[in-house]
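The following blocks contain the structures, represented as structure tokens.
In the two complexes below, subunit A is the common chain; its partner is subunit B in one and subunit C in the other.
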Partner chain A sequence: MNAPTNGNGRIEVMNVTKKFRDTTAVANLSLNIDHGSYCCLLGPSGCGKTTILRMIAGHESPSSGDVRIGGQSVVGLDPVQRGTAMMFQSYALFPHRSVIENVGFALKMRGASKDERNGKARELLQKVHMEKFANRLPAELSGGQQQRVALARALITNPRVLLLDEPLSALDEYLRLRMRGELRRVQKELGITFIHVTHTQLEAIAVADVVVVMTQGRIEQAATARDIYTAPRSAYVARFIGGQNVLTGVVEGVAGGLATVRNAEGARAQFPVDKANPAKGASLFAAIRRDRIHLTRNSTYRNGDELNAAVGIVHAIENQGTYVKVTLDLTTEEEFVAYMPDGEYFRDPIDIGDRVVARWDAQNLHLLEDASGGQQFAAADKDVALM
Partner chain B sequence: MAMHDSGKRPWTFWFFAAFFVLFVIFLYGPMFVVYLLSFQGEGGGLTFPMNGVSTHWFGELVNPESRSGDIASSFQRSLGLGAMVAAITVFLSVAAGLGFRRRFLGSGVLFYIAIASLIMPGLFVGLGVNVFFSVLGWEPDWTTSGLGSQLTWTLPFGLLIMFAVLGRFNRSYEEAATDLGATPWQRLREVTLPILLPGIIGVALFGFTLSYDEFPRTVLTSGTENTLPITIWAMTTNVTSPALYALGTVTTLVSFAVVGTALGSIALISRRRRGGDST
Partner chain C sequence: MALLLIFFFFIPVLVVIAVSFFDYQDGSIVEAFIWDNYRDVFTSAVTITEYANSLKFAAIVWALTLLIGFNVAYFLVFHVRGVLLQIGLFLVCTVPFWTSNIIRMISWLPVLGKNGLINSALIKLGIINTPLEFLLYSDFAVVVGYVHLFTLFMVVPIFNSMARIDRSLLEAARDAGAGRFRIVYEIVLPLSKTGIALGTIFVVTQVMGDFFVVKVMSGGQSTSVVSALYNQVAALQYPPAAASAVCLLAVVTLMVAGILRVVDVRKQLAS
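After this line comes the complex of A and B, so read on.
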């Protein structure tokens, strides 16, 4: 798809607040998205991600603040003047129009002749491999086919920004995986800005250059997909993205860039604090990837015997094919999970109810920004009580 | 009452089946008697036995010299009035239905006022309109006072149907149209109205059929020229021939034709959209 696009698709959301009657959907939020990048807005339902998308699209206007596209304020402009196009959650294909009429709709609104719009529509349908279905009605297509048509319809105006509202949620698992790859490919080919709203963590990590994790109308972290996964900023992000255990405890002492931290169960660990010098008694939070945990059966170990270890009872075991997911009960309230490589696990399988020690390397801990507490993350449903 | 699966029905099945048959006879029996008697022979009367079979009484309906009055004109008037009522009801109900999607000051009160006319006794609505016209010195006529009185009856129905139709309407169709550059008018014409079309046909159908057999609101407001129900009412008191029955048969056929056309087109539209054929 080498059609010329209409200029710069850099998005700047500047101090935007959006209120609906007495609820605040978006609270003084700022966000920059570079031209030509694939950005995912990720968060639980009601976090304001769709509202942001709709304000960029022009289907909602901010209560205060500014939205700029390519450096120009677009507040008050309609979607066409913005150079954006939106793909709706259930696609919103017009049920009374054939596929080709749906795709050519935008051109018809601009007064293009029938030949012109059918020609252009056919060209786009070819690019999404739907030319054979040009004369069908939307109801005669499968979910994946409808999605392709919706994509073609949105792209016919050569937008500089494509906004996708939960584009994959109506599809089954198999199609979801296929179509997300397809979306990424199309975005690369077009080189325009994609903003994709989703509540599925792996979907965001899989497709996006930039992932914006949101909660309660504000941004929790905006970073590359890799950073979001390997270096979450806060306990909320670490928990929401998954794949990480969140540890917390009280500082006992600091030496050589490592704080020794003790949790409520007496387990002790070293948190890398770099040059910071947290006071004794301060609470710290850290995350560690679940595949960086080693488990050993042990019936005599007691918490505090070693640094960077904790004892627990095996609570659940799930074979995931290439690895085995072992959930431990550390008597703290937070879930603690180890991903064991399948080879290692099956050499000497542990069982539910076994008493095991979890050990890790202090270098693999990643300090989180949460200050003393964690309670400020109201969206995190569990209290933080783990080491 | 399919009976392919051999015998073993409980007795309650047969009991309720018999009950249902009685109910159907109760519903359609009287009308069936009318249809049958409308084919009464030329020398026959208003009651059984049938004195031969003929279509004589149907001919009598269009015979201007017959005693049965000017049925053909009343029929035409009723069709015309029904069409006008349907058109106005559709226009106002669709517009009001779309407008009511947005809350505005007094929208609740306005809605209840609009619906309240459903519970007004029809005869008194007609009486009121009649008095109102004479106070203003206007001549009642089926195209003015008659039309207005009937609209007090059809508009609330139309509005309620539109509420139900719009309740199921997904607004993202409209947003998609806007997103693709449609002006508000284009959006209405190209997207909203076509998607709502089956419901709109339903409103038109209701408007027409309610008007076509409306009596209480019309009897005092139709002026010097009568609509069909009023003519039929008059005939029952002074016409003593099976022409009355023939008229009953013809008006029923007209009703069936209207309802059939409307439901048929709704079914056709929704089958096309659900993917019945691939044109």
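After this line comes the complex of A and C, so read on.
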């Protein structure tokens, strides 16, 4: 049995469903990941992201559908035959074996001689700067060091796909930031496919070429990290990724590619609808980045006085260093947040309880589309509330 | 705790050691300090055969209980899904312990006997013509009895250490290309070491200290260290019995010390 080394790591998940007894973890899901890309599966716990990873790894088999790696179906094959390697959430280092034995384990299973596997293991330990710890036991290493060893162990067979299950969740904040840069560097260097499961939005956006946002066993949006952040497809994605305010209202009229929308509080905004022509009375959703909102104190403004503005009471203020996060109470259920540049904020600081008008440019609004339509938006809202 | 140990462990042992140096006459103990009892133990040819016999039983029984115990524990830990079923099967393992040792030993007689279940079944099936003699009142029967009695003492500690093994270790090994037997050999076995050591101590000390199973199952044809000791006690020769008891205690202590040297059992007992 010869493992393909550095073969084509293109992954195709085709109409895969996975059921555990009576719960459906993954529902008829399809996903393509190009060879050599860094892909993050992102979602809250229980959304099925780890199940997908394990089905690609060969530790779980799909109830129906097909998984292909490099164009070939791998359902039923062992991990070794797939040319994949997995890095486990708790690292799963063998506690009774030294670092170098851990790293060389896969070669031992392939019948490599001790010299051969120790040589290769040393080479990989060098790559992750752990060669000094070769003879230690895993329990004698810190979390970050264990992670490096686990990475070296996963890479020793020259896999074409590396699968990482929440690789950074056991580390503290400082190490997490460092290691995610490290992972990205290693991936670029090797040019193989990385699939990284995480529930942390910023982590996904920081490392991945492609981010797949999942909820309840299906894909909500799969796009580049930048697109996910600047052009979320649905209200769910916009809310989950954060950094966006989701606006909603009922169409009053459409003119020149802009729909005038009025919300329950009477605030009015123009949503860019392009060529679409939503009917009067239809509900629309749009997202706007929190750093595209301008706040001014105003005690007399009433909702509806201007377009693309809403009035609210300042609810919370958090200084984030380079910007200030101002949370408004708009009396709608949705949280509404503005990120003000620190210079602008401190020229004339707003206080909690102040009455302010939030204004934005209609061009910065991003219409949230969803084929399922208005009614199922309501259902999506419920999902968010459940989280 | 310390008081309990003093009253029920240290004082009795000291008494036995003291008595082992006493003299005896016509069934009564005479206070003295003589080495004769130990000289008798070490010069008697019977001692060697008894120890050889007991050690042979201990070795065979250890190997068999380890083989069975490891497999039962492995099955319970890694193949039985659901804690309830696991506990249920565990209780099933303890069912034989709901009756006394004596009844359990005696119940082998109709199974292994000359006209017992196995012999009559084999004869009816035409596999043999005359009953197999070695089934009962033989070393074979003694081993059957021991294995029956002591396998659970191997299962429990091994189960305990196996249950602590993180499942993702097995997956990591599989991911690295290890087959099922390789996983057992490379991961499960080394990580069950403390359980195996504890089980070994239980089984070996019990076999070394037994006379009843040997007596019943061998029909008096085989002897163990303790069965000789028992005969001395029955003849009211307490000082020589005490001397052999002290020797046996020393031997078993050395064996346990040897096991503890190889495996650090504290790791499991502590956590």
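Throughout what follows, the second predicted complex is superposed on the first by the 364 of 387 C-alpha atoms of A that agree within 3 Å, B and C clash if a C-alpha of one lies under 4 Å from a C-alpha of the other, contacts with A are read in each partner's own complex, and residues count from 1 in each chain.
We take it that a residue touches a chain if its C-beta (ideal position, glycine included) is under 8 Å from a C-beta of that chain, and two chains touch if they have at least 3 such contacts.
What you see is a predicted model; the values in this text were computed from it and never measured.
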Fit-or-clash call for subunit B and subunit C when the two complexes are aligned on subunit A: clash
Which superposed partner A:H59 touches (first subunit B, second subunit C, both, neither): both
Which superposed partner A:E189 touches (first subunit B, second subunit C, both, neither): neither
Which superposed partner A:N135 touches (first subunit B, second subunit C, both, neither): first
Partner chain(s) touched by A:E252 [first = subunit B, second = subunit C, both, neither]: neither
Touching both subunit B and subunit C, residues of subunit A: 57-59, 78-80, 84-86, 88-90, 92, 94-96, 105-106, 109-110, 153-154, 157
In the complex with subunit A, residue positions of subunit B that touch it: 170, 172-173, 175-183, 186, 190-191, 194-195, 197, 269, 272-275, 278-279
Interfacial residue positions of subunit A with respect to subunit C in the complex: 3, 57-59, 78-80, 84-86, 88-90, 92-96, 105-106, 109-110, 153-154, 157
Touch list for subunit C against partner subunit A, complex: 166, 168-169, 171-178, 182, 186-187, 190-191
Touching residues on subunit A, where the partner in the complex is subunit B: 57-59, 78-80, 84-86, 88-90, 92, 94-96, 105-106, 108-110, 135-137, 139-140, 153-154, 157
